[in-house]
Amino acid sequence: MDITTIVFWLLSALTLFGAIMVVSRKNPIFSVLWLIVVFFAISGHYILLNAQFIAVVNIIVYAGAIMVLFLFVLMMMNLNNLPATNKNIWMKFIGVISGGLLLCVLVSTSKSAADMNLKSIVLKEGNIGLIENLGKILFTKYAVPFEISSILFLSAMVGAVVIGKKD
Amino acid sequence: MPVSYYIILAATLFCIGVVGVLTRRNAIIIFMCVELMLNAVNLLLVAFSKMQNIAHPPGSVVINGSDAQIFVFFIMVVAAAEVSVGLAIIVMMYRNVHSIDVNFLNRLKN
Amino acid sequence: MIALLLILIPVVTGVVAFFMKERKMVRNWSIFSSLLTLLCLLALLANLAPASNASYHAAWLPFMGSQFSLEMTGLVKMLVLLNALIYPIVFVATFQRTFDQPARYYGLMLLMQAGMMGVFLSTDALVFYFFWELALVPAYFLCSQWGNEKRIQATFKFFVYTFLGSLLMLIGIIIMHGKTPDHSFSLQSFIHTTLTAKEENFLFWLFFLAFAIKMPLFPFHTWQPFAYEQSDTSVTIILSSVMVKMGLFAALRWLLPVFPHAAHTYSHLIIILGVIGLLYASIIASRQNDLKRLIAYASIAHIGLMCASIFVANESSIQGLMVQMFNHGIIVAGLWITAEVIETQYGTRKISELGGLAQKAPVLALLLMVMALGNIALPLTSAFIGEFLMFNGLFQYNMIIAAVALISIILSAIYTFNMVQNIYYGNTLPATENAQEANRYARFSLIVLSLLVLFLGFYPHPLFQLTNDSLQAIVSKINLF
Amino acid sequence: MNTIIFCIPLLPFLGFLLTGIFRNYLSRQLCGIIASGTIFISFLLVLYVFFNHAYSPEAITYFDFISNPLLRISFAFQVDQLSTLFMLIITGVGFLIHVYSTAYMHEETPAHYARFFSYLNLFVFSMLLLVLGANYVIMFVGWEGVGICSYLLIGYWFKNNQYNYAARKAFVMNRIGDVGFLLAIFWIISKFGSADYSVVFSNATTIDTAEITGITILLFVGAIGKSAQIPLYTWLPDAMAGPTPVSALIHAATMVTAGIYMVARSNVLYSLSPVSMGIVAIIGLATALLAASIALFQNDIKKVLAYSTVSQLGFMFIALGVGAYTTGVFHVMTHAFFKALLFLGAGSVIHAMGGEQDITKMGGLRKKTPITYWTFLIAVLAISGFPFTSGFISKDEIIIAAYSYSKPIFWLTSFAAVLTSFYMFRLLMLVFFGSFRGTPDQEKHLHESPAAMTIPLIILAVLSALGGFIQLPHVFGGHDYLNEFLAPVVPAFSHGTEDIAMREYYLLGATIIGLLIVFVLTRKWYAVSTFEGKYSGFKNVLAHKWYIDELYDGLIVNPFTNFAGFLKSKIENSGIDGLVNGIGRFIRYLSRQVRLVQSGLVGNYILIMVLSITVLFLVFWNQDVLMGFLQKIF
Amino acid sequence: MNAIILSAAWGIILMFCSVLVKNQKSIGYIAAFGLLVLLLGNIADTYGMQITHYNVYPMLSVNRFGLLFNSIGIGSTLLFVLASITEIRKTGKYQPEFYTLLFFVLCGIAIITSFNNLLMLFLGIEIMSIPLYILTGSDKKNLKSNEASLKYFLMGAFFTGVMLMGIALIYGGTGSFNLAASSHSVVGTYNGISFLEITGLLLLICAMAFKSSVAPFHFWAPDIYDGAPTPVTSFMATIVKVATFIAFFKLCEVRVTDTMAAVNWKMIFSIMIVATLFIGNITAIFQQSVKRMLAYSSIAQAGFMMYAIFSLNDVAKEGLLYYSLAYSLATIGLFAAMSKMKDYTFEGYNGLGKKEPALAAVNAVFILSLGGIPLTAGFFAKYYMLAAVLKTGSYTWLVIVGVVFAAISLYYYFKLLQSMYFKPGDPELVDGSVSPFFKNILIVLAVLVVLFGAFPQLLLNWFYF
């Protein structure tokens, strides 16, 4: 078991543990913080997979921008004095069960996918994740979606203004 | 590293996200769980990208796994846009009803 | 061209009628329109117009293999005549009625006529289906808007029931369309398509259910008394005397020739259903206290016999059926007109509340008597010819069934005379204390109908002559096996 | 000639139309003239036909009534000896009754008066159609036509619901018979391909006997209905609700004999089937006995006559059943005379009594209404079989023929004849002898009827007395004119080599003795001054008509009504319609329940959707398993 | 491609209109004019005249099917805008933004109707959805609108995740995002298809089903349609929904017909169809509000559109186009007419036939069309759907189920007819009466419904010419 494998397992454990904490923390602020942990762990995975660009973007965009936004909104709303809705333990139970069922289904398909068993991933190698390669392909093959995503941002912008503006 | 590890890891992460959506009632947390799901997908895509990059023996159609990483990039784009809109909506909701508990959202039913 | 005119005149005049304001104007306009239609048809029947007028073809949906084609065989001519004839009579009979929103009433009536004309005339399955539904829509509005308090439910039941049936037929039509070698909807290609026994049986039921509901055949009949009872009587006349013929007609034109083997396979079952319906409805009619319900059940009974005759499918039964379609049309129209007069003039339909009208309204009594006699198929009324032939056909098919079916002539005597006696004989009751004679317009229409009933009862030859070619065509198709 | 024959039924029809359409404008007199006149002209035309021997074996075809490639039924008339004889009876007796009615109905308002005559004319028309028709279908046309006329005339006084029920009963019971008749017609058509007499009779031998038996029995069922035989006889007594001339014309002289006409007309078929003939004879005999027994203790003058008619019709069927067709027809003729006379006489009595029909209230009318009395007496003698009256001759023929056929039938028939004389004499005694038992008002009202009523009585009395001589037995020096006349159509009864002369003498003697005894007994019992009309024990059973009406009500009418009610409320409303409405209700119920799934909670929605994804996965991957499972279930 | 560029451009123009144009009334007409331009541009595209000849092939494949649908969608939007111009004016002061977002939605629609790459599908759907989240909540003071917006957003985001998971798995199975990519391995596959691909496709189909409100993923639809401002509902329930169906069809046409597992897919689709028809029709029966009834009715109609995706043949292709037109026209008309009513319940319609005969008459035409009565476009729409399934040779039972539910659907459609015509009442209109312009637009819609109902070749010939 080399160091990368150990790192992989550690990161995986951290990811899952962080995710569970996100879901199970009562206080939303903790959830956000745990989510940031998860994002870092995932970025670690990306680095392990030699996808540096994605790893960096993940930290900047997700952990940096998005999570700050979440945190900001959470802080803005003073959620402590909310009336406590009655907790329905059954609902939670059923939620976990059905999530588990979905997991079983997904895992069983991946297990049955014997073609996947033949394939493996070489960690820490390869150059496709490098910004140069990605940039090349993004502005050639993926130019159309790249342009089009501007419309997405425009509409999100307009929308955020329309919805968020106080009138 | 077998690719199925990543598949299972991503699936588990995804399902944790699903469970979060199902069990939590705070709209923001639900939204965060959705982000968790998206990240699971991202992780999976990056893993697949690495897998596709080397999986093909010489002579076959070369599939460059960078497609998937570009896709991840776009997912992040969309996620950012969604977050801006989503949080705006949640804030608007909060302004009107002073709550972000989804179980209060039951004016529309039947 | 006249074939097209028969549809166009009511459509155009009907649409125009919607925009008229004055009650009298729209009424006279409608009478004019219906007479015009009748005249057109009579010109064709009297050979005043070239025979090529009897059919009309125009391209409609060429890419689907559908053509707007209308053709007249003898049977079609007869039913179209019935349709064209009943309308002026109804309009005249209700001459004095003041309908709420008259423009809409008359417009819808004329559109319904156009729809039924189309059903009778079209030889393209898709066009046929179009008209089949289109006749139903004005009927829906007519029945829902004018009538008694429960009319909306009644009409809805009527509409959904028949609509379900016709959608099944639509499935059948689509499947048939796929099976035809030239992917066409025309009747001829339907007839010439060869089907396996399994397909044929399945398709047969898809078509037959639509027709059976429309007829209506026992046990699909329950919409009918309800709808007839609740809708306005003037509309009921049309429904009962013309529209139910659509089902029978369709079975003759679209079912027997297209699925002869399946018709043969299931004939026994359907004949038995028809005979059960005949007896069942007759028995129930004997316990009805509501005049309109009674006539409705009587109608179901007659239809039961007619339906059985379709599937007996020998010369006698088919000929009897065709003749009876016309005769039942005029007789039942007469019965409904009397019901209409009674309801509007005396304010009740309950048989138990009526009585002694023979003293107060002898002419109406006499005319009702003629219609009642027609209803029991007394010889020398036109219904006798048809029923005699149909029973004869049934007897040739199966003696026992015929014997059982014949019990209905006893039952029909029971319920008909029950009705006649309670309404017209005996002493007057509060409702009829100050009864007046029927208004002259109703009397006039009833007299016309009565004369027709009696004349055709004595000399049915014109009807035979008219339908002779259809008889040959249908029977030759059936006698394949 | 064709035109003349066509005019025979047409004239009454014209009379019907004229009196019917212009009923509000015609005076009573004019109406009577038109109605009687058209019948009279018809009668003259029939006489013309009769005297010109204008018979033809061929049918006179006017037009095709029904025609299709396999079946052609013409509107055709068959003018032969049998139909001519019936036409003579119909128009002759019909004319007399019309004349009689002009006086009898004079209290009606002109409009109703005209209505009465138009119905009566329509009846004559239908009856003529019945006997003239050259095929069974035209016969059926007339057959139903007379039925509906009978319905209309029984219910003539429509304000009385009792009468209306009687009318409906008559029609419905007739219709029961008609079912048989129609079935027979269809059977004939299916076997012979035609309903024409000529075709049917000439090919009769080619058909299997069993089928012939079936056809003839079904035909006879029709006759049972129309001619009021067991078990369908109960309508006839009730039919007395109609005006008395109607009873005379329809329910005595003509319509009820249509059954005899039909059987006689179909003699070729019946002769081929001994079984049917036996049935005809036995039913006839049973009816004769049963009706006679009931007639013994009836207190309504018309009811007595009605049962007597039923009984006499039974005699006619005995005659037909034993093979004496001409005798049956002959009895129709004589019966038309004396029974019409009896009814008209009874009408005259009722007229005199001011509408009273109960014989317990009568008595001693002999003095007050002499013409009626004498004519009635002649009729009673004729029906009782007083020697050399028409009734004697025809009934003797029946009895003698019965003797040759079967001894028991002979004895029972004779017994029925004795009963006949007994109840007729009882009636005579109660009405005309003894002393008046009614109210003083009625006694004051008593008067002889006007000439228009008495003249038909006298003519009929003459016919009743002498009408039998056309068929006087050889023993008494007679000659079988009627047999000869009918021979081309209806064969006479053949006694073969048997010597029937002695029997005739015995019968003559027995009749005289019997009548004397009856006369003495009835005079002693019924020519009295007070008469209660109450009976006990077995007599009461007879007075209540063996409780047959009650039996029918209990066995058929009430169960039917209940059954109809059951069908209406249970099967139709709750069953079939309930099912249809139930589907609608179920869908609405479902709608109320299903909408609850839409709870408004996002959590629930996503939960269900996630579960659905899982289910779809499972369905996708385990489809074979699922299909196998489904196939196992279905 | 024209449509994408023009709609984006016009959206931006409208964005600036909020600053530049002071006359609020004219904005609607600017938008309508823009739609006209867009329509013409798209038609020009159909005839091969493009603004740019930039090669977009791997991402988009512009073909007649998509272009014709774009024309239908844009044309319907034009009619929709004209019919609800006053209603949109009332939804708030963000009128230019409303139209901007509308155009962006159209841009998304233009993308998904001609996508050739799953990335474009994803982007298109998001471009379409994000403005819709906002439009749904555009009535900011209305709690129902807020609630609808949040619900829509949460569920939409969740299914974005599901969809992405599906796409990721497909990529794992095939190594490409191309629509027509296929697996390369034969080992450990199901009939030659990678398990991952099938799983991914199933997830993707579930997500598409969600977007097109097909049961059991329909739950958002009634609530959101009910809560959103009426014009938005009208737009979402018609043009957006049918566009999703076009994308859905495009996806399945390539992905599902190719696979050997087609039978399995048919099973999945038939379950969806039956569930959709059942939920849509049965639940609609109970509704008291016309708006909510129409929401369920749109689910029920989605059930019928699913027949096209079930059968995936030429007839289905034609039929889906035709259905989208017939359904859009009728539903837009009904919603537009409804927006003029004060009371959205059935009782609110009582007596409309007497008070506003023209309005009631066009409503009746739309209802008959939705019910599938001949001589309205709805008939041929249903006809095509049934014919498509029947052409597959088997599955007649599915057609019979559909027919039964079509009959049931009359219950709630005709309830509206009954209210309008046969029940006495005095309906209140929003402004007291309706403007002649509005009436004329509705009459145009009704005439189109009848015209296409009588001559379906008017549309379908375009498909082939």
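Letters A, B, C, D and E name the chains as they come in the text, with residue numbers starting at 1 for each one.
Following the convention adopted for this analysis, a contact is a pair of C-beta atoms (placed from the backbone, for glycine too) under 8 Å apart; a residue touches a chain by one contact, two chains touch by 3 or more.
Only a predicted model underlies this, so the values are computations on that prediction, with no experimental measurement involved.
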Check: Which chains are in contact with both chain A and chain E?
Finding: B, D
Notebook entry, point to check: If we look at chain B and chain D, which chains touch each of them?
Noted result: A, E
Next item on the list: Mind having a look at which chain is the central one, using mean CA positions?
Entry: C
Checklist line | Contact pairs, highest-scoring chain pair | finding: A-B
Notebook entry, point to check: If you average the CA atoms of chain B and of chain E, how many Å lie between those two points?
Noted result: 26
Check: Taking each chain's centre as its mean C-alpha position, how far apart are chain A and chain B in Å?
Finding: 6
Check: Using mean CA coordinates as chain centres, what's the chain B-chain C distance in Å?
Finding: 65
Next item on the list: Would you mind pulling out the distance in Å between where the CA atoms of chain A average out and where those of chain C do?
Entry: 71
Check: So which stretches of chain E touch two or more other chains?
Finding: 119, 123, 126, 130, 133-134, 137, 140, 149, 151, 154, 158, 162, 172, 196, 198-199, 222-223, 286, 408, 411
Notebook entry, point to check: Of all the residues in chain C, which ones touch at least 2 other chains?
Noted result: none
Next item on the list: At least two other chains touched by the same residue of chain A: list those residues.
Entry: 91, 94-95, 98-99, 102, 105-106, 109-110, 113, 116-117, 142, 145, 149, 152, 155-156, 159, 163
Notebook entry, point to check: Among all the chains shown, which pairs meet the touch rule set out at the top?
Noted result: A-B, A-D, A-E, B-D, B-E, C-D, C-E, D-E
Notebook entry, point to check: For the complex, which residues does chain A have touching chain B?
Noted result: 4-5, 8, 12, 15-16, 19-20, 22-23, 28, 31-32, 35, 38-39, 42, 45-46, 49-51, 53-54, 57-58, 61-62, 65-66, 69-70, 73-74, 76-77, 79, 82-83, 85, 91-92, 94-96, 98-100, 102-103, 106-107, 110-111, 113, 116-117, 119-123, 126, 128-129, 133-134, 137-138, 142, 145, 149, 152-153, 155-157, 159-160, 163-164, 166
Check: What part of chain E is in contact with chain D in the complex they form?
Finding: 151, 154-155, 158-159, 162, 198-199, 202-203, 206, 210, 216-217, 219-220, 222-223, 261, 263-265, 267-268, 271, 278-279, 282-287, 408, 411
Notebook entry, point to check: Which part of chain B faces chain A closely enough to touch in the complex?
Noted result: 1-9, 11-20, 22-26, 28-29, 31-33, 35-36, 39, 42-43, 46-47, 49-51, 53-55, 64-67, 69-70, 72-74, 76-85, 87-92, 94-95, 98-101, 103-104
Notebook entry, point to check: Once bound in the complex, which stretches of chain A touch chain E?
Noted result: 105-106, 109-110, 112-118, 141-142, 144-145, 148-149, 151-152, 154-156, 158-159, 161-163, 167
Check: Residues of chain B touching chain D in their complex?
Finding: 18, 21-23, 25, 30, 102-103, 105-110
